[in-house]
C-alpha cells in the first residue's frame, strides 16, 4: 500500500460513457495490489504470450488486431515490433513513453496511476515479442503518484516472477525500471526521448536509422506510447478478434480522449475509433455556449469547424481534414474564442517548447508567431498571409520531427476555415469573437511570459 | 630611350630566376608549422548587414565542441541575462546589440550576486556517486539538487560536469530542456499554467489579475521578496484547469477571486521544498 | 599487286596512327611542363605528390577528365556540339602530319607542306566558332566570335612572315627547308624580323598568354568552351597544348634548323642512328621553346582585346609585308 492511497490525482477526471476497455478497471482494481489486478484477469495476457504463443505468434496476434500506435503517429505496432525483432543485436530495449509530452492529455497519466499493472503487462508483452531484456518506463517527474505506483508495481511483479529474471519460469528475462524524465513537448518524438534517456539534451536525430534498428546505446529500441502498450496487453489476454469488435476497419480498438475547453464536464473518456466528434463532445456534457470550432490533436493538430463535427475520430479522416489524433486532445472552442488568438497560442506553445535543433522549426515558429502578432495588432505587412502559408509549407517539407511538421496545423486550419476573423483583425483590428482585449501577450521586444 | 621588349626580357629573367630559387611552400603534413605557446585561434561571431549577431545561441556548437572551448551567454525567455549558457535562448532580438542599437538599456542581470553561490559539494558528490556517475542519471541528480536548493546552482552543474566527465555544455543542455529552474526564486514560486486547457478555461484572466495585484511581470519578484511570478506550460493541471502552482502544490480549478486568495494566503507562509523540508 | 603502293599505304596508315597516338602523351608532357614551370616561376612546387616529382599529375588529369559527366545543354545543337571538339583536335592532329621530326621520320612529306600546315591550322578556327555557336549560350557565342577574330587576324602576319622564309629557301617542303638551313645556316640569321613576327603571331594563334583573352579564366568564363564538360572539354584542352607543341616544332623547323644539331655537334647522322639523333635534337629544341612559351605565360600580363587586334593589324601585318618586300628584293638583287 503506497502513501497515495488508491485514488487518482485530482488532475484526472474520468468521465462515464464511451466504450471503456482500459478505463474499465480503474476504480475497480486496486492500483497498489497485484492480487487485485490478477483477480480481475490481469497477467493472463502475458501468460498466454509467454507460455502458449511465443514471440512470433504474439506479434502476429497484434498484427491481426490491427493495433496502431496511440502516440499520434498511428504506425502499425506489429510492424514496429517485427522490425525490432528482426534487427541484429544482443540486448534490445523497450521504452514505454509516458512522458506525456502535452500535459493536457490525461490518458497515460490515468493509466499509470489507476492501473499501473496494465501498463507493466503491456510492456512485458512487448519486451517478450521483440526479444528485449531491458524495459524502461519513462514517466514525467511531476507525476509523483504515478511514479510511486509504478515502482511498487514493478517490485510486486518481480517478486511474483512476472517481471525481472526468468519470467514465469521461462528463459525470458526483462528488467524493468522507471526513469523520471524532464523533457518538453518534443518527448513525443522517440529519438528525442532516447537522447534524454541517455543523459543528453532531448533533441531528435535524423531517421533512418530508426530506433528499432539502432536506438538507446546502439541497441534496437522499441519506443511505444503507454496507451498502446495497454492495448497490447488487452489484446494478449482477450484476443485479436475481440479487439477488432469495436472501432473502425483501418484502426480498430479504442482511444483515450481528453476533452477540455468550453464543455460542461472536461475530462478523460475512452471511445471507439471512428466515433463522430459530436458524440465525443456530448460525452463531456456537450459544449457550453455555441461551439464554433474543435481543435483536435493539440498543438500538432488542427481546427475543425462546427459543421464538421460529424467527422469520425479516426486517423485518416482527421488527417484529411487537416487535424490529427495526437495524444487524444479534443479542445472545444465556442463563439467567444478568437481563432486568430488561438492559432497564435498554439504556435507560441510550439515555439516555446521547441528543442531548437532544426533551424526552420526554431526560427519558423517564432516568425509565424510574430506574423500573427502583426495581424492581431492590425499592422500586417502586405504579404503576411502569403508568408503564413509559405513558411508553413517550408517547415513541413523540411521537418526534422513531427512537431515541426505539424506545428502550423492549427494556424493553417483556422486560416482555411475562418478567414474572416483573420481579415477582420488584419484590416480593422476588430475581433469578430469579441475576445481579444488585452489578454494576449504584447508582441515583439517585450519578454515572453513563460519559461 | 626605352627599347621595346626590354621589359618582357626583364620579366622573363625574374621568372627564370624564380624557377631556380628555393620554394616557399610549406609541405604540410611533412612539415608542420610551429605555433607559439600563446597562440589562440579566435572564434569571431559574424554580424549580419543590420549589425546584429547572426548567432542565435542555439547552443549546438558548445554542445558538440570536443574540448569545451565555447562559452555562451544571452537572454532566457523571461528576459534575464544569463551568463554561461542557458539553452533556450531562441529570441535573437534580445541580443544585447539589438538593444544597444535601439537605444534601450540592456536587461539587467537578475540575481547577479547569486549565480556564483557556494554549494554543499560533499553532499553533491555523494549524490552523484550514489548514481554511479552515469549520464543516464542526470535528471535524477538534477531533481535532487533542485529539491534541496529550489533551483540548479551553476556551481552544482560545474561540479557535476567535472565529476561525471560530461561536457558542461551537455549538462546545461539537458538542464535547460528539462523544465529545471536555473535561477533561484526568491520567496514562493507562483507558477501560472498556460497550457491549452487552462488558457481556454480562463487562465489568462488569472494571470492578468495576479500581475495587477502583485505589481510584477512573470519572471520578476515582488519588492518584499515573498513571491516570484512565473508562467509555465508544464504545470499539468489536467482537470484542474485553470490552475496555478505555488512551490510544489497545484491549486485548481480557480476563479480569479480564489486565485488571489490562495496566493495571498501562501504569501505569509514560509517556503518549503517538495520533500517538506525548508529550502536551504 | 603493286607492293610499293601497298607498302606506301601501310606506311602512311602506320604513320598517321602513330601521330594520332602521339598527340596524347605530348599533351600530357606539355601540360606537366606548364604546371611545373609556372609553379617554379611563382616560387612554389607545383604538383609533387602524384608520382615521383609529381610526374603523373597531368596523366591523372586526363583520366579525371574522362570520368566527368558528359552534359549537353538542352537546346544545344547536338550534332555540331559534338563536332566542334573533334574539329579542333583534328586540326592539331592533322597538322602534325607534316612536322619534320627527323630525316626519314616525316609522316607525310608533302611538297606543299607549309601551305598544308597553315591551311589545316585554320580548321581550328572553324572548330571554335562551331563550339561557340552550338552551345546555345550567348556568352559562348561571343567568346567564339572573339576567338575567331583573333585567330584569323593573326594568321595573316603568321603566314606572311613564313612567305619570306619560303622565298629565301625556294621550297615549300619542310624537309628541303631544313636541308637549305643545313647548307646555308639557320634561318634565324637570315630572317630575324620574320622570326619575331612569327613567334608573336604563333602565340596569338594558339591562344597563349599574353594573347589568351579567349579563354581567360576570369573573363568570358571559358569562352566558347563554357558548356563543355568531361572529355569534350578534354579535347579542347589537349588540342591547345598539342598546338603549342606543334607551333614550337614548326618554328624550330622554319627558323632553328629543325632536326639539325647546333654547332659543336655534327649536323646529321645517317641511317637509323641518324633518325634517332634527329628526333632527339628536334624534341630538345621544341621543348626549349615550349618552356619559353610557358615561362612567358608566367611572366606576362594579358593584353586587352583591342590592343590584341591593334597589334595584329597595325604592327605585325605592316612589318611582315615590309619584311617580305625586303626579302624579295634581296633575293632578286643578290640572286640567292
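Labels A, B and C are assigned to the chains in the order they are written; within every chain, residues are numbered from 1.
Definition applied: a residue touches a chain if its C-beta (ideal position, glycine included) is under 8 Å from a C-beta of that chain, and two chains touch if they have at least 3 such contacts.
Since the structure is predicted, the reported quantities are computational estimates derived from the model, not experimental observations.
S.K.: Hey, how would you classify the chain contact layout here, line, ring, star, complete or other?
M.R.: It is a line, because the chains touch in a row without closing up.
S.K.: As a test of understanding: of all chains, whose mean C-alpha position lies farthest from that of subunit B?
M.R.: Most distant chain from subunit B: C.
S.K.: So, what's the distance in Å between the C-alpha centres of subunit C and subunit B?
M.R.: 69
S.K.: Taking each chain's centre as the mean of its CA atoms, how far is subunit A from subunit B in angstrom?
M.R.: Centre-to-centre distance between subunit A and subunit B: 29 Å.
S.K.: Averaging only over C-alpha atoms, locate the centres of subunit A and subunit C and give their separation in whole Å.
M.R.: 77
S.K.: Show the residues in subunit A shared as contacts by 2 or more other chains, in ascending order.
M.R.: none
S.K.: Tell me, which parts of subunit C touch subunit B in their complex?
M.R.: 37, 40-45, 48, 295-296, 298-300
S.K.: Give every residue of subunit B touching subunit A within the complex, in rising order.
M.R.: Going through subunit B, the ones touching subunit A are 56, 58-60, 63, 76-79, 87-88, 90-91, 93-94, 102, 104, 134-140, 142-143, 166, 170, 173-174, 176-181, 194-197, 199-201, 204-205, 207-208, 217-219, 230-241, 250, 252.
S.K.: Quick one: in the complex, what on subunit B touches subunit C?
M.R.: Residues of subunit B touching subunit C: 8, 11-12, 14-16, 18-21, 23-25, 27.
S.K.: Hey, which residues of subunit A end up touching subunit B in the complex?
M.R.: Residue positions touching the partner: 9-13, 100, 102-104, 106, 109, 140-143, 179-186, 196-203, 258, 260-262, 266-268, 295, 298-299, 329, 331, 333, 337, 342, 345-346, 349, 351-357, 362-363, 366, 438-440, 444-445, 447-451.
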